[in-house]
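There are two complexes below, and they share chain A, which is joined by chain B in the first and by chain C in the second.
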Partner chain A sequence: MTSDPGRFDDSPLLVAGGPPSNSLGGGRRHSKLQGRRAVAVSVASSVVLLGVLAALFFFAPGSAQVRQTFFNIPDARTAFLGDPRGGIFSELDALLINIELFLTAEVLILILAMVIALIRQLTGPVTFPLRMIAIAYTDFFRGVPLLLVVYAIGFGVPALNLAGVSTQPVWVYGLAALVLSYSAYVSEVYRAGIDSVHPSQVAAARSLGLSHGQAMRSVVIPQAVRRVIPPLLNDFISLQKDTALVAVLGIIEVNRAAGIVSSTDFNYTGYTVGAFLFLLLTVPMARFTDWLIARDRRRRQAGVAH
Partner chain B sequence: MKRELLASSVAAVLVAAAAATASVSIQSTTVLAKAISGCAPSQLHLYRAGQLTVATDAPAYTPWFEKNQPRNGKGYEGAVAYAVAKALGFKQSQVHWTIESFDSSYAPGPKTFDFDINEITITAARAKAVTFSEGYYNDRQALITYKGSPLVTAHSPSQLKTYKYGDQVGTTSLAYIEQQIQPTQTPAVYNNPNDAVSALSDRTIQGFVTDAPTAQYMASSGEVKHGVVVGQFPSNDQAYGLLFHKGNPLVSCVNRAITQLKNNGTLTRLQKKWLGIYTSIPTIQP
Partner chain C sequence: MATSLAAPAANLALQLEGVRKAFDRTLVLKDIDLAVAPHEVVCLIGASGSGKSTLLRCVNLLEEIDQGRISFFGEEISATTIDVNRLRRQIGIVFQSFNLFPHMTVLQNLTLAPIRVLRKSRPEAEAEADALLSRFGLLEKRREYPDRLSGGQQQRAAIARALAMQPRLMLLDEVTSALDPELVAEVLNVIRSLARAGMTMIIATHEMGFARDIANRVCFLDGGVILEQGPPEQLFRQPHEERTKRFLQSLTEAGRL
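Presenting the complex of A and B:
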């Protein structure tokens, strides 16, 4: 079976793609002109669109009030740096809590989600209850709004009054909620990756004498993980924002710091600053994800087995 | 049907209240009877013509309201709202209640109420976004903890700094913790007072600051498990005001009504009636 190389041709990773479609033949001058024209058109259309949006914003009847309420420079400064005398917390300091939560959660999620995904790949009647638990887990945590999970753990676990468990710092409960919820999603991403590896690869590995575990570890998982990196990063962009939900437990992260500014002074500029800070986190991640996807596509087209 | 019953019971309460006012002094009834000139319901700029639309948050907390039903006219703020309405010449049935959360009450754009009555402290910064009426209650902050907490006995100004506090987001009580108590640990900040109460009951936090009547009610009603009011802080000249859309001209007539209620003793009487048992608390220093 393994002697027939044709069987491997189905694997997208081993298929040599065609040459890149950009033809660099004659007509270079023509395409250069076309390129200039395209740039001019895209600049013009962008300017028109932005102009219309700006006009809508500045000439709306409530524009002055909205600018005062959402884009107030002195308030933005206070929100950014904090004002202990005025009872305002710095959103920049608060952002550190979001980053810490996100980084810690990410590591735990990658591990827990892989365990769940692997459990779901198990075969054989003995492991049936485990598979059922894994399925119930993903169904439950994907189905329940994260905010409710945060509330239930953050207020429910301390109320249980269990020695050692109920007396943790609040951020631990917030972290637990994020990990539980996101692991359910990420395990499905892993599973999709694992399923996308053609069965012939496992068959080939097994015929070489590898056990099921070894085949998973050395053949399937490495390919699966590489393929799902973009969707994984997509989930993590979402996770970065959702760290804001732990605010309901009393933790002063960006969103909560913004809420304090806004209801202390009845001005929403703090939220605008918060949105800006979240963009600082998520946009680089989004660009990185796009870059990874583009690189992956280039390599496939160039027929590089990676 | 239920609404009619409610309306009639409200009317009954108000008749009783009016009777009580009348028995207090003849002078006050004559003042009450005299309508404020230029402020009759037909002359007012109202959200809905012919009715006074009053907003508060849900749930409406005791002792500011009773049984989470602003319409029953009970509790201090419920009673004040109806007293203001009456002073302007509105009938009971012309007062309509609507729900407005604290967070959205100060959003720019048109409001869906004439005024909001929701234990909102007047501050200069807030007055840039909304218009406040004259104050109708001078609030004082009080500190609540649980039985067995060190806070019960150890609460000198320097000891107060060592505890873990919690409060509702953006309240003047939270600002009071930061500005006056200045604790060494970052306070926990919750969406609403209920979450702070849960945290205090679970001992996630040790102290919760809120206005004195609310604190006393939370402790005595068992809302905070084994709650104890440590004391109230000295007055810092802050008052609760009615919240209006920025620049709403209605505020001038409402202010005249509040001044009238202050001068004829109605506000003091309502405070004694609804808040009296909640405000006899020892004073402590921040």
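Presenting the complex of A and C:
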């Protein structure tokens, strides 16, 4: 029997659809038959489950009202495209703000988080205060809800009346809040990656005369970053939807635009559209992350280098 | 303590005087004295935990010693003011577990330190690396990543990586212990060629036949002290110490001598 244990895990979505083909020794026809049967069963069970859920939804006592309030086609159209005369912003346009926010934030987070992770990696008494600051930083921003950070920076920093700092456009404060908060998480992800590189790698690098900094840069960080890409992307999926929180500062991104549509039409369909738009961003990212994880596992099993 | 010692002998490649090292409360090296002349090959033998690896790591300053003095060509290197990076360029160490950099090709493994530390140009470093790789029969593997290589090839690449820094002293820490038996010979042959070329080496090993064959001097370590040392013929044939006899006896019974 030479069945491959990794095969099923690699494509969780295709378990039922991917017949084990000839991996089961001699009985190829037999397994083909089994494969077809598996497909049939999975299709049937999916249909039954979805049918039950749909029945629950459509036969619920308030179904008509919910459909009217959350899934109203004309309102969805308005929410998507906007209506300048009615003062309604297009959620599709607003989505660009979210995309800009998270793309900018991701770049800044990758940098700031690495700086923090490296500071926490330092040794020696001279750098003690730096390490303390880095630890306090991660503790603080991982501990405070992002929404409160958004409020504190969005309303607090302008109130300080500092020249230059306090007169930025609102999105800058929203961006700053996202970067500060997420860098704390991502620095921990980096740190886990750095810790996962075996000390013997550092010993090998140092024994060749590389300084601590050179060993980190050439030997430890490249290996660490490769290992943490999946958890990193996971945090970024979370970041994509948390861009909605900057709405409280008055930035008209998807969440805010949805709120405007809803309070104008007295209908929640705008929020449904908003949710759909966020899924358009996050689902591809989630699939991509899973694909990366599966690829990494395949490579490890095959013993191929990255 | 160190100030009471005479000036380190400049004609010795390496000189250890009263070197003591403890991990927590466990004394791993107890007042080790050892002198190694240029071009000399010294083999360290002894049971696991006898202090062989720690001794090598102390010489490379990967471990800090608690007491005593280590001198390298007349320069005291155990002083706290020493530039460890400068010193390590001149002392190569090869580990039991190879410790190649898995994210780099064999060639990149060899050229990293010459480029970063010695500031050599890439073409120069690569030319030198290629020369080493062809000497060790690894030239066609230069673009491969370490995990595509056999254990023996990886260890030869690790030796080549250390040699790329043109060290004046090589420390080999049980370099064949992690290898499948059939791969041991190819690594030992590489080390033999180094000895013939006059490289000063300290070799911690469990390969007694190899030690007997290659060493100018064999040191038997036991419980953190060099219990006995001498030319291989004498130490293997007529050991003075009871514990050396017992150690060699146990190896003979295991069929390893």
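General observations
Basically, the second predicted complex is superposed on the first by the 281 of 306 C-alpha atoms of A that agree within 3 Å, B and C clash if a C-alpha of one lies under 4 Å from a C-alpha of the other, contacts with A are read in each partner's own complex, and residues count from 1 in each chain.
In this section, a residue touches a chain if its C-beta (ideal position, glycine included) is under 8 Å from a C-beta of that chain, and two chains touch if they have at least 3 such contacts.
What you are looking at is a predicted structure, and each value in this text was computed from that prediction instead of being measured.
With chain A as the common reference, chain B sits beside chain C without any clash.
Counting the residues of chain A touched by each of chain B and chain C gives the higher count for B.
Of the two partner chains, chain B is the only one touched by A:86; chain C is not. In the superposition on chain A, A:230 contacts neither chain B nor chain C. In the superposition on chain A, A:264 makes contact with chain B only, while chain C stays out of contact range. Residue contacts after overlaying the shared chain place A:155 against chain B, while chain C stays out of touching range. Using the contact criterion defined above for the overlaid structures, shared-chain residue A:204 touches chain C, although it does not reach chain B. In the superposed pair of complexes, A:218 makes contact with chain C only, with no contact to chain B.
Once you line the two complexes up on chain A, you'll see the smallest CA to CA distance from chain B to chain C is 50 Å.
In the three-chain superposition model, chain A touches chain B and chain C at no common residue. By the touch criterion given at the top, residues 62, 65-66, 68-69, 84-87, 89, 155, 158-159, 166, 170, 247-252, 256, 259-268 of chain A touch chain B in their complex. Residues of chain C that touch chain A in their complex: 60, 62, 84-86, 88-89, 91-93, 95, 97, 99-103, 112-113, 116-118, 145-148, 161-162, 165.
By the touch rule above, chain A contacts chain C in their complex via residues 200-201, 203-211, 214, 218-219, 222-223, 226, 303-306. Those residues of chain B whose C-beta lies close enough to touch chain A in the complex are 102-103, 106-109, 123, 125-126, 128-130, 166, 169-172, 174-179, 186-191, 195-196, 198-199, 201-205, 246.
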